[in-house]
Structures are given as C-alpha cells and as structure tokens.
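You will see two complexes here that share chain A, one where it goes with chain B and one where it goes with chain C.
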Partner chain A sequence: MGILEQFEQWLVNYWPSWAAYLVPPLVAFAILSTFILVVVMAFIYIERRGIGRFQVRLGPNRAGPFGVLQPVADAIKVLIKEDIIPAKGDRWVHWLAPIIAFIPALMIFAVIPFGHGAIFADLNIGILYIIAISSLGIIGVFMAGWGSNNKYSLVSAMRTVAQMISYEIPLVLSIIGVLIITGSLSMVSIVEGQHVPFLLLQPLGFLIFFLAAAAEINRTPFDLLEAESEIVAGYHIEYSGMKFGLFYLGEYTHAFAISAIVAILFLGGWSGPFLPPALWFLIKVFSVFIVLFWLRSTLPRLRVDQLMGFAWKCLFPLALINIFITGIEAIIWPNFPWQLLILNILIAALLIVLWSGFFRVAGERVSFERYGRGIAKGLALTFRHLFRHPITVQYPEQRLTPSRRFRGNLLVWDVERCNGCRACARMCPISIIDIETARGDKGLVVERLEIDFGRCMFCGLCVEACPVEALFMSRDYEKASYRRELLVMKKEQFVAAEKRPSAYAYPELEAEMPPQTLLAPPKGGR
Partner chain B sequence: METGIAISFWILAAVTIASALAVVLFRNIFHAALFLVLCFFTIAGIFVILSADFLAAAQVLIYVGAIAVLIIFAIMLTRETQRGSPSGRLRLPALMVGLLFLATMVFIVVSTDWQVITEIPDQPTTSAIAQALFSGEEGFVLPFEIAAALLLAAIIGAIVLVRER
Partner chain C sequence: MLENFGYIGIFLIAALGFAISTITLPILLRRFHIVPKKPNPVKSSTYECGMDTVGKSRVQFNFRYYFYALLFVVFDIQVVFLYPWAVALGELKLFGFLEMLAFFSILIVGFLYAWRKGVLEWK
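And then the complex of A and B:
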C-alpha cells in the first residue's frame, strides 16, 4: 500500500471523509512541487558548474560559498525584472504560453515512483500517460512562437514542431522493448520487473530512448529551437521576467523528469543494495543528468536536415528492429534470463556500426573509425577536463602570473638611477612624456614628470632609450579608470608607487620567476 | 466520490461545449485551433471519469499531441489565414453538410437506448482493449490490419505527391 493511502486511512479517524479524501493529494502535491523545485535548482547549479569544469572554466562562483546561491540569485533577478509584452503580439497567447509549457513537465511527476509506494498515483498506464503528457509541452512552445509576433520565434516554433513530432516516434517505439519484457505499463511494475537493469537487456532501446529524449528536452546536440547563433534565443526571445523564468524552470523540470524516466525504465529505479531506495533513485537520476550535460558540453549542434535525417533514417528503423528482436526473444526465452544481455549488447553494437555505414556526411561514408572513435575521444577529453585546473581564475583575489618577458601596463620610475637626461621624452613617438629638469647638486634633478597612460601605446621605446635603466615596464596587467585625467601619472605617484622587481632591469630576478603560467596554478595554489 | 465525479463531469462537459463553440465562432483561426486543443483535452478528461484510462492517454497522445499540432503547423505555413475564412464560395454547401451532420447526430443521440452499466469497469483496461483488438475470433484484427495498410498507402501517396521531380 502506498504512503498516500496510509495517510488517508489515518486521517479518516479524525476528519470527515471528504476532507480525508481531498487533503492527502494536496499535501503530497505541495511536498512534491517543493521537492521538484529544490532538485531543479540543484540541477541548474550542477549543470552550470559542471559545464564550467568540462570546459576548463570555473563556472558561477560568486553568490555564496562555491556559488551555491547562484540559482537563488537568478530566481530573484528573474522575479523583479520587467515583464514585457510585444506591442503587436497576441496578448493572451503570449501570457498563457509559459504556463502551458511548464505544467506538463510538472504533471509527469504524478507517476514517478521515488521508492516503495512513494508515488503520487500508480496509474496502470503510467508510461503511456507520461508520453501523452509530455507531448503537450510543444503547444506551449508553439504559442510562445506565435504570440511573440517575432520571425525568429516563429522559425524556432516551426523547428520545434518538426523536431518533436519526429523524435516522439523513436521515443515511443524504443520503450516498447521494455514493455514486452515487463508486460506492464505501470512505472512501479516496470521497476519491480527489473532483475537485471534494462540498460543491459535493452542496450539498443536505451540508446534510442536516451538520444530521442535528449532531443525531446532540447539538450544541446539537438537544441535547434534556441540555437543562439542562428535564431537568437528561439521561442523565448520576447519573454522576460518570470515568464522567461517559467520557460527556464520548465526546461529543467523536463530534464529532471526525463532523467527520472531513464532511471526507472533502464537503470532499475529505486532498487539497489545497502543504501535507502530514495537515495538510490536520486543517485541514478543525477548520474543520467550528468551524462546529459556531459554530451551537451562535448558535442556540437546538428544542422536541421541532419537532425531530421537522424530521427527518421537512423533512430526510427533501429527502434523498429529493436522491437522485432525483442519480440523474437520473448517467444524463445519468455523469462528473459540475464545471459541474454551478452547477445543483446552484441546485436546492438553490430546494428549501430552497420546501420551508420548507410549514411554519408560531407560525401564521406560514416565510419566507426572516424565518428565512433571521434565522439568517444571528445567525451574522454571533456571528462579529463574535469580533473584539470581551470584556465580562468578567481580574478581579483587570484592573479595570473605573467610571463618573464611580459611588459605590463605601467612604467616604473627609479628616482635614484634617473639622471634627468630626458631621452625618454625625446624618444616617445606620441610625445606623452612631459619632463622638466633643473640643475641640482649632483647634476640634473627631475622637477616634473607626467605621463599620459590614456594615450600610451606601450611601445617600450622610452625604456629602450633610457641610458641608465631608470625606466621600465611594471608587471601590472590591469589599468582602468572612469576619468581620463586619472590616467595621467605624476611624479609623486611614480615616487610613491611600489617598486616591483622587473625582469627587464634585474636579470638575476628574472631567472627566479616562473615561466609563462597561464595554464598552471598561480603561486600559492587554490 | 460519487458527487466528486459528478461535479468534475459537469465542469468538463461545460468546458468541452464552450471550447467547441469557441472553435467555430472565433475569427482568429490560431485561437480557434488552441480551443480545439482544449476541447480534445477535456474529452480525455471525460474518458478518465469513465475509467477508460488507456483511451484517455491515447486521446491526448494522438489528438492533442499529433493532430492538433499538425493543424497548428498547417496554420503557420498558410499565409493570410489569421482573419476568418479565406473564401465565401462554399458557404452554402458547407452549411448544408453541417446541418445534415447535425441532424444525423441528433437522431442518433435521441434514438439510441442508452444503457447504464452496473458492473465495475475493467481495471486495467489495456489488456482488455488488446484482447478486443487482436484476438482471432471475436476481435478486430482484420479491420486493424486494413487500417494499417490504408495509412501506409496514404503516407506513401503523400510522399509521392510532394516529391521533387
């Protein structure tokens, strides 16, 4: 018996029956939506940080420790932004679109079991319900594209429809293999029927489902509907504020839902040794999601015709073949012994290699050597990046160590060495060095020195010209000011400025300095 | 339970009829298509009330997910359809056909002897539907296969029609 029914039976003792009937679903809905929002926030954080690491960047790291508050900051920003409706847009359609895009993603969770009995409604038609509901989200995208009265939005909406209709077919067909083995559409019985994870018994079905699902939730190799470089941001160009937030939230809720469905259908749901079931389930969901954005950070976006061709010419026939093979196996071995996984993995590998041979990309036949190994190499590269030190640094706190030969942005002036010969001012090609000298006890004394760094082009000729090496470039690499006159450095500033050692004037110091260090950790480490 | 189902039935029925009327009466054809989606969806809700969960899911999947989306797609691809009906030449024949269809439907509804079943409906319905469709003797295997062949022919025909020569 599920947790909900137990709660209802306990409530009957204290409250009238209609209240006891109504309250448990409402409570469950509140808990479930809060939980989903928390997981979605975790997803957004993990994805942004994770993609950063996959690409040897840091990712968002300012809000809170390690940037964990970034999703909260984003949410607040989105909530207080102005909501703009295009003047010639379809007001009501524009207003309804984000809601219609978001709600189906939320509704999927009604049939997702998080553990034994921890399910909102164990429908007999669980997986069919999910497929039906998730096809509703397209209409929201559609309405957004139409209601915005924007060509890019409309193009994006058209692409979405074409893509969704195409990928829904392999998505549905790939599940049928699983259904043949379990003989049930209910999510709970699918989990309970998995003695061996169906990932192993249905490798081909898993791959097709995974790719089609990635296309369905528009993750990057298939994210044509918001391809920034082609159609700006797709259907949500004209959205701002919380309406955009709903689209964003819906996208990640859908990603969570798809990860959960993959975990249930192919990875054994909540079942697993030692750990509590709900924890196992979450571990599986998060691993699926991590693989999704690992692919996103590795693979480039497909072209429209390639995308359609991939769905219709590759995934669709393979899904049909998968159903056929599973049907034959169901007749020969009705119990699906675990030994079958060897055969199935072999068949899947063989079919993928053979089938890909039918296609040509840029006049060249798709071969396993080139594309299979290419994709594997790319994935391995991004995976290795996880363990590499990010190229970017936490800027004001950490500085890059410039190379030995780096000439910085500011000049350092050594008062003791300078003999006031004014060679620097004469050499300067744009005459920005203004120097006045007077005769003192031991020779010339500099009375006034002004250098306009707003105009300096850092040619270094003044440094070259100085006969006594009293002038050299510092190692600073930042210089900015809001007013130009602040960029003119005066004699007092030069005297007061910190005398950083320069490799140019002190070769013995240069030897101690680290070489070019853009890729290595700066001194002191992280 | 009983009153809950009755309440939800009346709500669904009212929304269905209202949205169906909106489909016909709205000038903006895109809005009409959206109301068609709502109409299909509430009909799925009525299936749920009748304990026909499989049919409800199939209704949403096929009518909302596929047919309505195709209709909207067609509207997007067609120019100058936002404002009402494009031509008035076929208005009279359309009215005749509509009236004829309405008369037939009213006649069927009135003349049918509606029975109220007393037994508890099958739960799950999936295997019962499969039995009815695919079992050899009293099932509908032959019509099912014919429909499949017909659809295949239609698909191939469509491809032949739009193929570039």
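And then the complex of A and C:
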C-alpha cells in the first residue's frame, strides 16, 4: 500500500470521503513539484559546473559559494525579464506552446516510484503511460516553432518532429526486452522484479534506450533542433522571459524524468544495500545524468542525415533483434538464470560490432573500429580533463601578463616626437583619427587629436605610416566602457597615459619586461 | 486501480495550474513595475540576426519529413501490439512468439523495401 492511500485512510476518519480523496494527491503534488524544482536546479548547477571542468574551464562560480546560487539567479532573471511576442507571430499558439511542452515532462513523474510506496499513482500500465505522455511534448515544441513565425524556428520545429518520432521507435522497442522479463507494465513491479539490474541482463536494450533517450531530450550530440551555429536557438528563438524559462524548466524536468526512467528500468530503481531507498534512487538518477552531460561535453553535434540514418539503420534493427533474442530466451529459460548475463553481454558486443559494419550513413560505412574507439578515446580525454587545472582565470581579480612582443589595442603617442604631419590620419583605412594642427615656433603643433577606439580595428597602419616613430602600440589589452563616447581618446588622455610600448617595436626594452603568464603551462609546471 | 487514474487527472489539473500560474506571474509583476513592458517595432520584429525576413516565414519544407512520418506511424502501431504481447509472452510460449514473428516479417519486408528505395537516405 502506497503512502498516498495510507494518508487517505487516515483522513477518512476526520473529513468527508471526497475531501479525503482530493487532498492527499494535491499535497503530494505540491511536495513533488517542489522536489522536482530543487532537483532541476541541482541538475543545472551540476551540468554547468561539470561541463566547465570537462572543458578545462572554471564554470559559473560567482553567485554564492562555488556558484551554487547560479540557478536561482537565472530563475530570478528569467522571471523579471520583458516578455516579447513577435508582431507577426500567432499570439495564442505562442502563449500555449511552453505550457504544452512543459506539462508532459511533469506528468511523467506521476508514475515514478521514489521508494517503497513513494509513488503518486501506481498505474498498472505505468511504462505505457510514460511513453504516451512523453511524446506529447513534441506538439508544444512544434507549436513554438510555428507560432513564432520565424524561419529558424520553423526549420527547428520540423527537425524536432523528425528526430523525435524517429528516436521514439527504438526507445519504445528497447523497453520491450525489460517487459518480457518482468511480465508487467507497472513501474513498481518492474523495480521489484529486478534481482540483478537489467543493465546486465539487457545490455543492448540499455544502450539503445540510453542513446534514444538522449535524442528524445535533445542533448548534444543530438541537439539538432537547437543547433546554435545553424539556426541560432531553434524553436525558442522568439521566446523571452518566463515563457523561455518554462521551456528551459521543461527540458531539464524531462532530463530528470528520463534519468529516473533509466534508473528504474535498467539500474534497479530504489533497491540497493545499506543506504535508504530514496537515496539510492537519487544516486542512480544523478549518475545517469552525469553520463548524459559527459557525452554532451565530449561529442560534436551530428548532421541531420547522420542522425536519421543512425536511428533507422542502426538503433531500430538492433532493437528488433534484441526483442527476439529476449523472446527466445524467455521461452527456453523462463526463470532467466544468471548464466544469461554473460551470454547477453557477449551477444550485445557481437551484434554491435557486426551490425556497425553492415550499413552506410551518408554514403559512408560506419566502422565500429573507427567510431567506437574514437568515442571511447574522446570520453577518456574529457574524463582526464576533470582533474586538470582550469585554463581560464578569474578575470578582474586575476590578470594575465601578455607576451613581451604583444601589440595591444591602444596607441601610445609621444607628444615630443610628433611633428604634426598627419600621415597617420591619412593612412587610417576607416578614418577614425581626427587631428588638427596649428603653426607654432618650431613647425606644426598638434592642437586636437581624437581617436575612436570603439571603431579602431588595430591594423597598425598608422604606426607604420608615422615617419618619426611618435605612435606605437601599447601592451594593454583591456578597453571597455558602458558608453561609446568614453572610447574616444583625446589629446590630454594621450599625454597623461602611462607609456607601455610593445617590445615588437622596441626590442631593446624586451629584457626589462615581466615574463608572459602561460594559461596551460608545459609539463611539470603549476 | 480506477482511483489511481483519478489521481492522474488531479495531477494533470494541478500541473496545468502550476504551468499557467508560472507563465502569468510576470503579468502580475508588471503591475508592480518589476517586469518592464516597452514594446517597439524593432523589438517585436522577427529575429533573423538583424536581417529583414524575405518572403513568408512559413515556407515549404523538405518532403523527406513525410517519409519518416509514414514509417513512424507504421511502426508505432506495431508497438501498440507488441506491449501486450511482451507482458503475456510467459503464457503464450512458442506459439505467440512465432505469431509475432510472422506479423513482424510482413512489416520488415516493407521496411527493407523502403531502405532499398533510398527512403532512409537524406539528400
């Protein structure tokens, strides 16, 4: 008997039966949604920090200790941003899309068991319900793409539908192996039927499910719908404020749901020794999620033809073969003895190696020797990066000394040497040097000098043009301002500025300069 | 068991309330001047990296999407038959297995035909 039913039976003693029926699920929903929000925030934090470390970066670390409050800061920012609706867009569809994209991701949690009896509704068709519900999210994404009235979002929406329906087939087929073994669709009995984790009994099904699920929640390498290098932000390009926030929340809620489903179907759910069941469940969910973003930080994005080819030519046939192998095993050995583990792992390895050499994707044969080893090497490399010192610095506090011959973005002007010939102003290809001269007792005197560093492209032609070497490039590399006018340097500022010339033009100064700080020191350093 | 489905209904209503209240919260905050509302024609124009949209936004798209949609419908319906079969395989034994094999082989012939015809190639 679940916790909810016990709560209801206790309430019946005090309240009328309809209230006793209504209140427990509402209370449970409040607890569950708060819990989901907290876990999603933890996911966002772990993912951003983790990907930072996988890529030898620092990751967000400003808001709160170690950047823990970063998701909270993001949430507040998203909440108080202006909501922009495109003028040509379809208002209603634009409004409804984030709601429809978010609700299915949340609805999955109604049948996810977090422990003994800790389940919202123990449906006897649990996994079928999840499959039916989770595929509804596509409609929201497609509505977003259509309602925005933007070519990028429409392209993204079409890709999303194609990708999601293609990967849904292997996803649902790979679960069938598990169903044959347990003989039940209920999530609770699937967990209770796992004496060994099905990861070992169904290795092929696990791999297919994991890859297809990564595609379903649009994680890189399957994030074609958000390919920022091609279609900017995909379907949510026209979304801002809380509507975008709901998409973002829905994406991570879906990622949490998928990690939970993987943990339940293949890793034994809440069962485990020593620790309390809910803790075991969370440990498993988080480890699945960590593997997901480990893949994300390692692999580049696939092309659309590779993506579709992979779903239909590799995952789909393998999922079918997996069903029939499991079916034969279920008929010959109905009790699934432990020797089957070894047999199944061998079969899975053999099938992957054989099948990968069998089909072509985009006119190219996918050889396991090439891609399998390449992916494994890449994963190992990013894992090693976790333990390296990050090569980014905390910028305003920590500064780098540039190379001695570094030619920076500011000009140093020597007023003593300048003879006011205006060669620099004539040479400037974008005419940003404004110089006015007047006749003095020893020739021309510069009265006004203005250089717009907001537009300067640091070509160095003015320095080359100067016949008396009065202009040279400095070693500074910082130039920033909140107002464009402040980027225009005047004569007085040039005179007052500290002269830090580059050793490129003045090699005799090189010996006195501080050495360059290296981001990635050679072996043995730091 | 039926009351569990009732729970799902309550969950759906609560989730709807949750989503709608999150999305309308900025409208409430706009009353207190926390969320700005300053639309202008440039801001609400279609975002295409600074360029003006050429022609209609809802353009024709690649017909290959329909091939995948058709394949999806065929195999998704097959999945509907597979789920009860998988749960009951323990009682159906060999006969049920062979029956499903026969059903499958018909669909697989169609799949192989599509594959040979180059439907799965994206060009």
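As a convention for this text, the second predicted complex is superposed on the first by the 390 of 526 C-alpha atoms of A that agree within 3 Å, B and C clash if a C-alpha of one lies under 4 Å from a C-alpha of the other, contacts with A are read in each partner's own complex, and residues count from 1 in each chain.
Basically, contacts are C-beta pairs under 8 Å (C-beta built on N, C-alpha and C of every residue); 3 or more make two chains touch, one makes a residue touch a chain.
Please read all numbers here as calculations on a predicted model, not as lab measurements.
**Q** Between chain B and chain C, whom does A:M242 touch in the aligned arrangement: first, second, both, or neither?
**A** In the superposition, A:M242 contacts chain C only.
**Q** In this superposed model, does chain C or chain B come into contact with more residues of chain A?
**A** C
**Q** Counting only touches as set out at the top, which of chain B and chain C does A:V232 meet: first, second, both, neither?
**A** Only chain C is touched by A:V232; chain B is not.
**Q** Can A:I84 be said to touch chain B (first), chain C (second), both, or neither?
**A** Only chain C; A:I84 stays clear of chain B.
**Q** Taking the superposition as given, does A:A110 touch the first partner, chain B, the second, chain C, both, or neither?
**A** A:A110 contacts chain C only, not chain B.
**Q** If you stack the two complexes on chain A, which partner ends up touching A:V161: first (chain B), second (chain C), both, or neither?
**A** both
**Q** Which partner chains sit in contact with A:D414 here, chain B, chain C, both or neither? Use first/second/both/neither.
**A** Touch partners of A:D414: none, neither chain B nor chain C.
**Q** Does chain B (first) or chain C (second) touch A:E469, or do both, or does neither?
**A** neither
**Q** Tell me the contact category for A:W146 with respect to chain B and chain C: first, second, both or neither.
**A** So A:W146 meets both chain B and chain C here.
**Q** Taking the superposition as given, does A:L185 touch the first partner, chain B, the second, chain C, both, or neither?
**A** Touch status of A:L185: both partners.
**Q** Starting from the residues of chain A touching chain B, keep only those that also touch chain C in the other complex, and list them.
**A** In the superposed arrangement, which is not itself an observed complex, chain A uses residues 21, 123-124, 128-129, 146, 154, 158, 161, 165, 168, 185 for both chain B and chain C.
**Q** List the residues on chain C that touch chain A in their complex, please.
**A** Within the complex, chain C contacts chain A at residues 1, 3-8, 10-12, 14-16, 18-20, 22-23, 25-26, 29, 34-39, 41, 43-49, 53, 57-59, 61-62, 64-65, 68-69, 71-72, 75-76, 79, 82-83, 86-90, 93-94, 97, 100-101, 104, 108, 115, 120-123.
**Q** Which stretch or stretches of chain A touch chain B in the complex?
**A** Interface residues on the chain A side: 21, 90, 92-93, 123-125, 128-129, 131-133, 135-136, 138-139, 142-143, 146, 154, 157-158, 161, 164-165, 168, 185.
**Q** Please give the residue numbers of chain B that touch chain A in the complex, ascending.
**A** Its residues touching chain A are 1, 4, 28, 30-31, 34, 37, 41, 53-54, 57-58, 60-61, 64-66, 68-70, 72-73, 76, 123-126.
**Q** Taking the touch rule as given, give the residues of chain A at its contact with chain C in the complex, in rising order.
**A** 4, 21-22, 25-26, 29, 33, 79-88, 95, 98-99, 102-103, 106-107, 110, 120-124, 128-129, 146, 148-152, 154-155, 158, 161-162, 165-166, 168-169, 172-173, 176, 179-180, 183-185, 232, 237-238, 241-243, 245-246, 249, 304-305, 308-309, 312-313, 316, 320, 323-324, 327-328, 330-331, 334, 362
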